[in-house]
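Across the two complexes that follow, subunit A remains constant while its partner is subunit B and subsequently subunit C.
And now, the complex of A and B:
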């Protein structure tokens, strides 16, 4: 499948502008950042000094990856289906691949930017940043691919949110709570819990079994999302 | 004069090369079938579509929407010129979600105009447009036709189908019938009848209209309809009889399918090389197709 750079850049610009103009979606990045700021100045002073940065990072990174990661692509794909603008694009010789890639790229950029701001606000040591970028990019790409799958499967925004909410909760709650055997287990086998595991293991210099396992979990989710996306992409006629 | 009747959509579209462009009066179901047929049988790169549902991106302004497709298609003409050509100058800063139906039509036409296709499928290109915009759209269609492009349009009213350059058809029982080209022949029937009221059916009652109430008479599928205060009423009288009777009341046969009350005409305009239109001063400012061949006759009759 060939991708025309001209079309792709037009689509990318449109999708990025739409992200900025749609408060319901841009909130998914602004909200985690706002929460980190709030906790830094309200809750932070009551915590032990060495706990603050880790707490803020967990909170912000998990929220940002689960919210913007899950919401951006799927909502915007569902909206284009619902309002028949996708049909117009397809009739204007935009390939479905160009359409999806542009949305995925916007989501990756925006989520990455949000994650970076959260890292800087959290006050984690700067030498951790390469590891952080690796872990957060892997985790968010995996979630964004799942989001694209949700967008592909849903017909309109209503049916889209039916899928979004449980996925968001599944990815967010276990690593955020991490209390009790069930949640701990779920945290280990869902991508965002594994992403945190990768980050903390690598900054502590642990390259052993649990790190490899966490990597494997993220890659397995990513591979599953890509495969399922490919399967439904072929099966479904993308223009309803 | 031969009028063609096609039995199916494939046959109708095969006739496209003979007719240049096909303007069809039909319902939305037939329109959808034709749309699907064109989509699956023509090369995607050479076809442009205007369908009913798309209202664009609601958070964009008109200018941003046109600008997006401008980049997408790699169009070379300036966005401003395109907005001007499709009568969109006034709404360029308006948000897409706040527009009126006619404005969506113009925006979608501006969009397909940037696609440079060989075949344009347009659903309802003239519905909801005012005269100024309609003239601009007709001129664009004519320009594209001269450049070798073909058009298939779907219209809810035969008036619109007849206004556009090309051949008009109406759909009936799965068949597509060509609307007779306007010839010069006229039926000379002298009758002594002096009817002052025109009967028309409405439910179980028969209404009797005075000629001055009638804006125009339209004939479609072998029936005649009186347009009175924006509503069409079917009448049993055939067109030629109505013409004879209403001639005395100042009516003029401006088109094979139209008989217009000249008292109500406001002006007539030349829109494209071969299309003229009469505009009435009723509430809707109805536009009635006016045949080129009948203009002289009209001028003579009314000593203009």
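And now, the complex of A and C:
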């Protein structure tokens, strides 16, 4: 399947402008940053510095990756289906690859930017940033691919939100509240829980089995999302 | 001269109660071909088959001289499509929408200005699409399908739900486009629109093509064999189209008693009723 860079560039610019003008999805990035700011200046002064930075990073990163990651692509795709702009694009000779890749790239860029701001606000040491970028990119790309799948499966924005909420909660709650055996286990097998595991293990210089397992979890989710996306895309390809 | 559109014995099953039944017709370059029928006749389904949104069960379809299975993405750069459900981006202005589609189609920005002027939207180009009236939105969507000056244009009910003034403007634009060489295939349930705009039409009923030809040919084929005369006494008289009838009318004319003389051709809606026994 070929991609025209000219079309892809036009789609990307349009999707980026639409993201900025659409408060329903631009809030998904602003909200985690706002929460981090709120906790930093309201709760933070009452905690030790090391506790604060870890807490802010976990909270912000999980919120941003789960909210932005899940909401941006799926909501945008569902809206295009609902408002029939997707049909107009297809009839204007835009390929599915160009359409989805441009939305995925917008989501990756926006989520990455949000994650970077959260890292800077959290007060984590700057030498951790390369590992942070690697881990956060892996985790967010995985969630974004699942978001693309949700968008593909949804007929409209209403049915999209029915799928978005449980996925967001599944990715957010276990790693955020990993107390108790069940939640800890779930946290280890969700992509964002594995993402945090990768970050903290690499930062502490641990390259052993648990790090490899965490990488494997993220890649397994990503592979499953890509395969399911391909399967459902073929199924829905033609009207009849 | 190769046909722009060619269908032969095309069949499609679409659910248990509906199908396209051995559809055959062709559209030559430079024509405006109208596909008429009531709601549910299969017009949009046929349009979707021609634009590869649906797959045929059997038969042959050729677009731009190629078998439809062999029509490539590059060929679609020569085609414009206005579907009954096409939409543009509501958070963008009319101009921003057209600039976006111009970038997609690799069309210069000067084309956007020209197209906006042709559809009478240049003065409203900075209006957000969500604030536009239905007529303005429809013209904007039509403009987006015309930006790249397609050789072949598919229009699915382009004036549905619009007011007469807007319809007239769209018709003017389509005639101009056709004079510039674009072949137009349009579906409509508006018989008057088909009569005014189309060089040839096909009438569809329950998935079957029941009549075809130019509007005038169809009207003459199904014309009543009588002439209606309105006299100065406001009386309507009918005479057969023969020597006797002609003499009677001549007498009335010589007496100065004729107000109007009509040849009683049916309109397309009456032809449809004649052919199907049901109302449009």
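Here is the rule we use: the second predicted complex is superposed on the first by the 237 of 240 C-alpha atoms of A that agree within 3 Å, B and C clash if a C-alpha of one lies under 4 Å from a C-alpha of the other, contacts with A are read in each partner's own complex, and residues count from 1 in each chain.
In this text, contacts are C-beta pairs under 8 Å (C-beta built on N, C-alpha and C of every residue); 3 or more make two chains touch, one makes a residue touch a chain.
What you are looking at is a predicted structure, and each value in this text was computed from that prediction instead of being measured.
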| item | value |
| --- | --- |
| Partners on subunit A (subunit B, subunit C) - clash or fit | clash |
| Partner chain(s) touched by A:18 [first = subunit B, second = subunit C, both, neither] | both |
| Which of subunit B and subunit C A:93 touches, first, second, both or neither | both |
| Subunit C versus subunit B, contacts on subunit A by residue | C |
| Partner chain(s) touched by A:84 [first = subunit B, second = subunit C, both, neither] | both |
| Clashing subunit B stretch [against subunit C; choices 9-17, 261-269 or 279-287] | 9-17 |
| Touching both subunit C and subunit B, counted on subunit A across the two superposed complexes | 6-7, 9-11, 13-14, 17-18, 21-22, 83-85, 87-88, 91-94 |
| Interfacial residue positions of subunit A with respect to subunit B in the complex | 6-7, 9-11, 13-14, 17-18, 21-22, 83-85, 87-88, 91-94 |
| Partner subunit C, residues of subunit A touching it in the complex | 2, 6-7, 9-11, 13-14, 17-18, 21-22, 83-85, 87-89, 91-95, 238-240 |
| Residue numbers on subunit C that touch subunit A, as the complex places them | 12, 14, 48, 51, 53-55, 73, 76-77, 81, 83, 85-92, 100-101, 103-106, 141, 144-145 |
| Residues on subunit B engaged by subunit A in the complex (per definition of touch) | 39, 44-45, 47-49, 51, 53-60, 64, 68-69, 71-74, 111, 115 |
